[in-house]
Structure formats: structure tokens, C-alpha cells
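Heads up, there are several structures right after this.
First subunit A sits with subunit B, and in the next complex the same chain sits with subunit C.
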Partner chain A sequence: MKALRISTMITLALALVSGAALADGTSVSANEEVAPSDAEVARRAFLENDQCYQCHLEDENLPEHFFIDDIHMQANLSCAGCHGGDPASDDDEESMSEEAGFLGVPSRSEVPEFCGRCHSDIEFMRRYQPRIPTDQVNRYSTSLHGQLLSSGDDNVANCTSCHTAHGVLPASDARSSVHPLNVPSTCNSCHGDTDHMAGYDIPTDQYEQYAKSVHGVALLEKEDTGAPACNDCHGNHGALPPGISSVTQVCGHCHVNNLQFFEATPMARAFEDSELHGCEECHGNHGVARTSDEMVGTGDASVCMDCHDDGDDGSDAAGRIRAQLDSLTEVYGIALERQEEVNTKGMDDVDIGFILQEAHQSLIQARTLVHTFDPERVGPRTREGVEKSKSAIEIAESTIQEYSFRRRGFGMGTLFITILVIALFFRIRQMESS
Partner chain B sequence: MSMSSHDSIGQRLFGWVDERFRIAPLIEFLRHKKVPMHRHTVWYYMGGVALFLFIVQVITGILLILYYKGDEATAFESVRFITTKVKFGWLIRSLHSWSANFMVFFVFVHMFSTFFARAFRKPRELTWMTGFLLLALAMGFGFTGYLLPWNELAYFATKVGTDITGAVPLIGNMAKLVLRGGEDVTGATLSRFYAIHIAILPALFSVLLGLHLIFVQRLGMHEPSFVEKLPPERKKMIPFFPNFLLRDMLLWLIVLNILLYLSVYFPWEIGEKADMFASAPEGIRPEWYFMFMFQTLKLIPAHVLLIEGEVLGIVGFGLVGVAWMFVPFWEKAIPSAKSRRTILVIGIISVTFIIGMTIWGYLV
Partner chain C sequence: MDRRKFTNMVLAGGLLGWIGSVLYPIVCYLTPPKVAEANVGSVKAGTASDFRPNTAQIVKFGRKPVILIRTEGGDFRALNATCTHLDCIVQYRTDLKQIWCACHNGLYDTRGRNISGPPPRPLDEYVVKVVNDEILVSRPAV
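Let's look at the complex of A and B:
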């Protein structure tokens, strides 16, 4: 009877899991029967004989957030894989005895070492994922989280805080708490919690700032996983806030040219000497906004004027660079309008498009060269872009003229044909009446 | 014909030619050829318009050949070059495309007007048959020409079209291989279609068109029975040359103006270059004049009485086509009292079917 009940429950549990998978997009018509894969058949057989799982399932005592597709469960590393014990015995006193190697539930401070028993073991991990790193625990111990944990602060994040304990999925799985799209909310579950963060003296609005930033919009709204999440700047297991000496390198990891240009300027040394945070001083950190030309120059929105004074060398350079950028954006904007006009008229704008791509490239390069803070280096690029934009405008105007020429030509042709038709009509009438 | 020193240059030139080739009797023949005038005379112009459009096709086609490159790697680019760089290339290309469609349309109108008027009857059996073959060739021009810009839509439509050819019993697979120049639509197909489009079809078309025109001139215009029955003094006739020809030209000028309007305001699209490895885009459909057959084939069930639906459809269209071409011969078997009504009913059913299926094809 018990065996029957257990097998019914397994069937139900598996049916639920299969249902969830179908709801996830694996659409299969109602009448279609999907044959389970060999691996799935093996897993079902394994679970049927796993007494830890069977009893906890029967007692409705599965751990919080338990997920049957947990990556360990998929590899047949069930409860005993981490907690020890004898999964073959259905006697709980026997299966969860010290003799059976039962380890119990680790405390929060024990979790890193608990996970590290396998994840730091190269030989063991090779049997499952040969390419996976095995230095997570070491790196964790260097992180601020790890340091605080070892100093006795149980409140900080450990492995399970980010990966969960019983619903671990690979980062490539969109359902995973550490999938790039989910990382910000995973970090925010602690860092955005004012109660949890009380006593650490750091802000809790990073997520709000990040979500509105150019990075956050790209990742969270456009789902562009190329955009950085928290871990791309702060690290994963070795998470640390970037310091004054490293913040520029962190940004420069992606913004390579900006870093090179900036580092070659006297400003880089001056920033360090003044203990200024490189990129962050102008662009901010979590709330980094989309850049605009207004950030350069001597206007109200200029970040240059946050440090420079009117009339000093820096403000002169900023003013000249801004004028160079404006000269290009103005002509480029006109060229885009002309291209649109050509397009609207149904004329060919492919060549214009190619030239404007080059002009846009010049604009991007000029904006990147702003990080040299040298008008002599920005100028040639903006002039190049202006020339290209002008050339595009020239082609666009000649195309628009061609458009008018065609219509005028058609008008004249129609007039000529109409005169011919009328002349023929009267000629025929004259012939036939005579 | 003697020439005096007072003759104009034109008369002297004509005299020079006439002395050698005796063309005066031909002109006399045309001058004496009469065209009946009645309430259905308008249909006489349809063939003339189709002929004019064919002339437009020949002229614009020759101009396009100067720049077009019938090769997989360069075909699309050469069409793009013609429409964007060549002086008036855009106009020539658009005229060629619009005129092609108009030509097929007017050939259809010409054929059905002839059918309804029962003008295919003795002695015009061969005029009808050559006309029908000219329609088939015009559709062949359309089918082969459609692929030449080597754009996405044309590529996949040709794939579907040649697949349908492959379903013809017995010779289908071989015909498909010959048309495609291999198993699939490739650059080899493009080369073949180009050769067929600019050499084989024009040669056949010219011969048939010449015969068709000779037959028309030799036999004169068909008179509907209500004109035929009139006494000669009550029949209104006009000379073919120059009166009817001038009327023809008047209509040609109007058609030319419409073609120019469409070419300037609705230039023919170039589309996206064909990519043999891309998946087929949505909305693949043949040219409109194949649509009724395409739609019918789509509607036939996969199997009808153990016969494959597609095969049944193709064989059916083939048989109907043959029957249509030989209508002058089997129509004689219909009692004369019933002939008019029978032809009228068949004609109406055919026109309704073609128009209905075409509209349906575009709606789905």
C-alpha cells in the first residue's frame, strides 16, 4: 500500500515537473506523447529508490525552494550528495545516523566549506564539469562577504544566498538566480533590504539607480546580456567594491579605448593624486547615465566645469572640443534628415546610408577621443565626419533633384503625348468625315 | 513605277525599294483591307495593344541586356546598378516590368474577347492556336524574367514554381532538372532562365507572332454574326491603313502614358538579394497570372482517389489548356443553335474562375 502511494506521488511530482517544463515553452500538443529520454528514465528510477527524497516528499517536508531540476539532482547527486547519510535505507534513524555519514544541515558560516568539499576538489568536479573553476571558496574568502563571514558576521552572503540551496541551476539557465538577467535582483534581495543592510553603512538604492542607468536599461529592459550586471564590475565570488586605483580599470575592461586615452593624459595622474575615482567622477557609478555632448564644454550640464573654472586651460579645451562635436552633430543631423527625405520619396538611399555610417563612425570616434581632453586630437575626426556628412547631403540633394526631374519629365512627356493624341484624334475625325 | 526628276526624295526612295521588292501591292492590300465598325469594335484593339507592349518589351529588354549580368554573384547588383546608376536605367527597368504585366493582361483580354466572339471558328483556327501559344510563351517570359533580378521573393517563387513542374507525371522530374540545371535553384538556373528569356523564347515568339499577324492580315477581322448578317450597304467599314492603324496608335500612346506614369510613381522594387541558405520569407507567391493555378493547387486535397492532389491539378490544367487550344475543332461538334450559349457559359465560368481564384490567392 505504501509502495503504491509512493509511486502515485512520484508520478504526480513528475507530472507537475513535466507540466512546468511544458508551460516554459516546450509546446507539445495534447494528444502527442513525449517519450522520456534515457537520462530522464534513469533519473526517475534513481528517485524511486532514493529514500531521502521519498520520505521528505511523503512528509511534505522538502526544503524551501526545492527544485527537482536542481543541477545536482540532474546529476543524481540527491540529498545525500551534500548532507550525507544512506539514501538506500527507509529507516530514518538508520539513514540519518552518524554511522551512515549523515552531516545534517550546515550553519551559515559553514556553508562555503560545505559546498567547497566538492567544488574545490578538482578531481571530483572533473567527473561532472571538467571546465568549471574550483577556486570559488578561495576567492570567496578574499571577498568582503567572505572576510565578514570569517570575522563572525553570519548575516553576509554565502554560496546559498546567491545560488539558493536546493534550486541550483547553471548561470546559463534563464531560471537561475545567477543568470545575467537575474543577477541584479539577486544582489538586490540583500543590498536593497534596508533592515538587512542596517549597520553596514552603505546605500541600499543601488538597484534603483542601476535599473535607470544605461547599463540597467540595456540589461533589464532590452535583455542585452552583453550589458554589465553587478558582478561584471564587482566580481562574483571575490566580490569587492572597486577602489580608486581600480575603478578605471574596471570600466576599461569593456570601454577599452576610453581607458587607453584617459590613462595617457596628465588628468589620470592628477585624478589619482587628488583621490578622485577616474571614470566615476564624470559618469557616476550605479546610475551611469547615457552620455551626451552636453557633458562636455562650459555649459551648465558640463561635467568639466565641476572641477575647472571659467577661463582656465581646461575650460578652454572643453569649450573647443564641444564646438568640434557640435559642428559634426549639426551637419550629421542635417544629412540624416536629407536621407529620410530621399527615403520618403522612394528613391535609393543606399549610398547615402554607407557614407553616413562612416560619418557616424567618425562621430563615435570623436566622442571617444574626448577622453584625451585634447582638441587637437578630436578636431581631425570631427572634420572627417563633417566632410562625409556634407558628401552625403550632396548626394541626397542630387537624388531629390532627380526625383523632381523625373516628375517634371513625366509631366512634359504626358503633355507631349496628350498633344499627339489630340492631333491624332482630329486627324482621324477629319479623315473619316471626308 | 517610273520616277521623274520632280519626285520628292521620299517618293524616289519608295520607288527604288518598290522597283526591287514590289511592296506597292502590299500597301494596296492594306489600303483595301477593311475593318468593320460596330459596337464590339473596341475588342479589335486589344491584340494591337498587346503587340505594342511586346515592342516595348523588345526595346527595353535590349537596353537592359546592355547592363544586366545573368550570374548568381552579380545579377542582383547589376539590376541595382541599372536602377541607381545608369542614366534612365530606372525608367527602362520599370517600363520593362510594368509593360510585361500589361502585355500578359492584354493577351488574356484579347484571347477571351476572341473566345466570346467565337472568332476562333473556321477559317481562323490557326490564328487562334498561334494566339494561344503566344499567351503560353508570354507566361513563359514572365516566369523566366521574374527570377532574373535574383531577389529573395523571385528565388523562392521560382523554387515553388519549378517544384510544381516536377510534379508533372512522367516528364516532370526531368523537366525540373532541365529547368533548374540541377537539383536545386542555383546560379545554373539563373543562367538557363536568362538564356531562355532573351534567346529561346524571343525566337519562338517572333515566329509565332509573325504567323499570327500574317493570318490576321490574310483573313481580315472577324465579323460578329449580327454584322455578318447585315447587307453590305449597311455595314460600316473603315480602311485598315491608315484609319484603323491611326486609331491603334492613339490607344498605344495612351497605354504608353499609363506605363510612364506607373514607372515614375510606382517604380518596380528591387527587393532583397536572394540567399540560398536563408529560410523562405513569408508571402511567397507567383506572378499574378499564375495565381489562379497556384491557388487551385493549394486547395486540392493531398490525395483524391489515391491520386496525388498536385498531380491531379497539374494534369487537369494541362488537359484544360489542350482543350482550350483545340476549341475551334471540338466547338464544331456543338449544334449551332446551342454553340453561342455553350461558349458564353464556358467563357463566363473560365473568367469567373480565374478572377475568383486570383483574388482568393491574394487574400489568403
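Let's look at the complex of A and C:
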């Protein structure tokens, strides 16, 4: 009887797993039978003989968030793979005895070492994932999480906080808690929890700020996995807040030109001497907004004026750079309007589009050159863009003239035909009367 | 001027105008346009024998610039030349043997894969065929 119940439960569990897999996008019709793969057959046989799984399933005592497709389960590393014990025995006292090597549930502070028994063992990992790093536990111990854990703070994140304990999936799997699209919410599950974070004296609104930032919109709304998540700036296993000197390096990892330009300026040294955080001072950190030309110059929205005073060298340079950018954006805007006009009139705007792409490129480069804080370097690029924009306007205007000429020609043609018809009418009348 | 003469003049003028308005579009139609059509399926990009290895050129593919590269090994590769970061036009760096975006120092390999800097995605690939020494760049099959 017990065997029948167990067998029924296995069938049900596997049917649920198969159903979930099909619901994930496998396009098989409802009536079509799918033959299980050899690996699936082997897995079913493995699970039928795994007494830990069978008993916990029967007792409805599987761990919270247990997922049968957990990456360890896929590799036939079941409960005993981590917790020890004898999975071949259906006697719980025997299978979960010290003699059988049963380890039980690790405390929170024991988790890194618990996972590290396998994940820090190169020889062991080579059998499953030869390319996976095996220094995660070492790196974790250098992280702020690891340092606090070793100082006795069990509240901080350990391996299972991010990866889960019984539903571990590779980061490439969209269902994984550490998939790039899910990393911000995974970090936020602790860092956004005011009760959990009480006593650490750090803000808990990073996720809200990030979600509205240019990076957050790209990742969370546009699902652009090229955009940085928390771990791209802070690290993952070795997570630490970037220090004063490393902020620019963190941003510069992607924004290479901006870093090179900034580092070559006297401002970079001045920032370091004043213990200012490079990029962060002007752009912010978690809530880094899409940049605008208003950030440069001497206006109210200028970030330059947060440090500089009216009339000093910095404000003069900022004002000049802003004027250079404005001169280009103004004429570029007019060129875009002319292109739109050409397009609306149904005329060919391909050449104009190419020239404007070059003008846009000059604008982008000029905006990047803002990080040199030198009008002498920004100026040539904006002038180049202005010239290109003017050339696009010239072509657009001649195209619009061509359009007007064609319309006039069409009007005149219609007029000539009308006159011809009228003249023919009178001619016929004359012929009839004579 | 009597009425008959006036009518004849109007008739002749109208006839001439009509001939002009019919002939002008025909002449314009027969004269080849200055630029190619915007929506193109493929473009000719010169002759293979004139294209030296480890060089590249930008080809107009309808509204899009395409970078056509001949690798050191002699293979042709065509990729969308618009950087996936902020739409600047990329260029081939013969010293690096990689595709480079001057705006933010983004780098792609010659397969168009983004390998450094801010570009978030690879460059779209086009199909290149050499037929009788003529290089043809066309859209990839969907």
C-alpha cells in the first residue's frame, strides 16, 4: 500500500514538473505524448530510490521553496549531497544518524563553509562545472557580508540569501534569483527591508532610486541585460561599497572615455584631495539620471555651480561649454525638423539622415568631452556638428524646393490641360458654326 | 486679334504645355535617381579584388550604415555600423583588428560581439556573398 502511495506521489510530482516545463514554452500539443529523455528516465529512477526525497514528499515536509529542477537535483545531488545521511535507507533513524554522516541543517553562520565543502573543492567541481570559479567562499569572506558574519552577525546575507537553499538555478536561467533581471529585487529583499536593515545605518531606498535611474529603466523596463545591476558595481560574492578612489574606476569600467578624460584633468586630483567621489558627485549613484545639457553651465540645474562660484574660472569654462553645446543642439534640432518636413512631403531623406547621424555623433562626442572640462576641446567637436547640421539643412531645403517645383509643375500641367480642353471646346463650336 | 486667332493661340499654348507636362515626368523617370531606394534587400559593395585584407568600409544599406570588413584571413563580414549604445557610427581599427566606437570607446570583435565599453548588445549581422568578384551585402534571413 505504502509503495503504491509513493509511486502515485512520484508520478504526480513528475507530472507537475513536466507540466511546468511545458508551460515554460515547450510547444507540444496536449494530445501529443512526449517520450522522456534518457536523462529524465535516469532522474526518475534516481528519485524513486532516494529515500530522503520520498519520505519528505510523503510527509509533505519538503523544505520551503523546494524546486525539483534545482541545479543540484538535476545533477542527482539530492538532499544527502549537502546534508549527508544515507539516502538508500528508508529508516529515518538510520538514514539520519551520525554513523550515516548526517549533518542536519547548518546555522546561518555555517552556510558559507557548508556550501564551500563542494564549491571550494576544485577537483569536485571539475566533475560538474569545470568552468565555475571555486573562490566564492574566499571572496565572500572579504565582502562586508562575510566580515559581519565572521564577527557574529547572523543577520547578514549568506549564500542562500541570494541563491536560495533548495531552488538553486544557474544565473543564466531567467527563473533564477541571481539572473541579471532579478538581481536588484533579490538584493532589495534585504536592503529594502527597513526592519531587516535597522541598525546598519544605511539607506533602504536604493531599489526605488535604481528603478528610476537610467540603468534601472534599461534593465527592469527594457529588459536590457547589458545594463548594470547591483553586482556590476558592488561585486557579488565580494560585495563592498566602492571607495572614494574606486568609484570612477567602477563607472569607468563601462564609461571608458569619460573616465580617461576625467582622470587627465586637474579636477580628478582636486576631487581626491577633497575626498569627493568622482562621478558620483555630479551624477549620483543608485539614482543616476539620464544626463542633460542643463547639468553643464551656470544655470540653476547646473551641477558645476554646486562647487564653483559665479565668475571663477570653473564657472566661465562651464558657461562656454554650455554655449558650445547649445549652438550645436539648436542647429541640430532645426536640421531634424527640416528632415521631418522632407520626410512628411514624401521626399527622399536618406542622405540627410546619414549626415545627421554624423552630426549626432559629433554631439555625443562633444558631450563626452565635457568630462575634460576644457572648452578648447569641446569647441572643435561642436563646430564640426554645426557644419554637418547646416549641410543637412541645405540639402533639406533644396529637397523642399524640389518638392515645391514638382507641385508647381503639376499645377501648371493641370492648368495647361484645362486651357486646352476649353480651347478645344471653343474650336469645335467655331467649326460647327462655320 | 480676332477670336479665331486667339483661340488658335490658346489651343497651341495649351497643347505645348500639355506636351511639356507629359514629357517632363517621362524624362525624369528615365533619368537614373541620384540615390538608391530607401528600402533595399541587398546592395553591391564593390569588387572583392579591390578590397584589401584587414580593412573596412562603410556601405549605405538603405537608411542604415553597414560596416563591411575584410578580415586578415580574407573573410568578408558585414555588420550594422550603428553602435548599440548611443547610435554613433562605428569604425574598424586596423591596429586592434576590432570594431571601435569613438564616442565612448566601445569595442566589438569582427563578429560584432560587444566586448568592452558601454555597448549593451552586439551589432546586427548582414549576409555577405561574393559573386563573380562582386560583393553583395544583404539582409539576414529571418
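The rule is simple: the second predicted complex is superposed on the first by the 415 of 434 C-alpha atoms of A that agree within 3 Å, B and C clash if a C-alpha of one lies under 4 Å from a C-alpha of the other, contacts with A are read in each partner's own complex, and residues count from 1 in each chain.
Assume contacts are C-beta pairs under 8 Å (C-beta built on N, C-alpha and C of every residue); 3 or more make two chains touch, one makes a residue touch a chain.
Here the structure is a predicted model, which is why all the values come from computation and not from measurement.
Of the two partner chains placed by the overlay, only subunit B lies in contact with A:Ile428; subunit C stays clear of it. In the superposition on chain A, no contact is made by A:Ser107 with either subunit B or subunit C. Once the two complexes are laid over each other on the shared chain, residue contacts for A:Ile419 go to subunit C alone; subunit B is not touched. By the document's definition of touching, of the two partners only subunit C reaches A:Ala218; subunit B does not. In the superposition on chain A, A:Gln361 makes contact with subunit C only, not with subunit B.
Of the two partner chains, neither subunit B nor subunit C is touched by A:Thr194. When both complexes are overlaid on chain A, the residue A:Gly346 reaches subunit B alone and has no touch with subunit C. Looking at the superposition, the partner that touches the larger set of subunit A residues, subunit B or subunit C, turns out to be C. Look at A:Gly226: by the touch rule set out above, it reaches subunit C but stays clear of subunit B. Contacts of A:Asn257 after superposition: subunit C is touched, whereas subunit B is not reached. The contact surfaces that subunit B and subunit C form on subunit A in the two complexes overlap at residues 348, 350-351, 409-410, 413-414, 417, 420-421, 424, 427. The touching residues of subunit B, when paired with subunit A in their complex, are 80, 83-84, 90-91, 238, 242-243, 246-247, 249-250, 253-254, 256-257, 260-261, 264-265, 267. Within the complex formed with subunit B, the subunit A residues making contact are 346, 348, 350-351, 406-407, 409-410, 413-414, 417-418, 420-421, 424-425, 427-428, 431-432.
Looking at the complex, you find that subunit A touches subunit C at residues 218, 224-227, 254-258, 260, 348, 350-351, 353-354, 357-358, 360-361, 364-365, 368, 409-410, 412-417, 419-424, 426-427, 430.
Those residues of subunit C lying in contact with subunit A across their complex are 3-4, 7-8, 10-11, 13-18, 20-22, 24, 33, 35-36, 38, 60, 62-63, 65, 82, 84, 86-89, 102-106, 114, 116-121.
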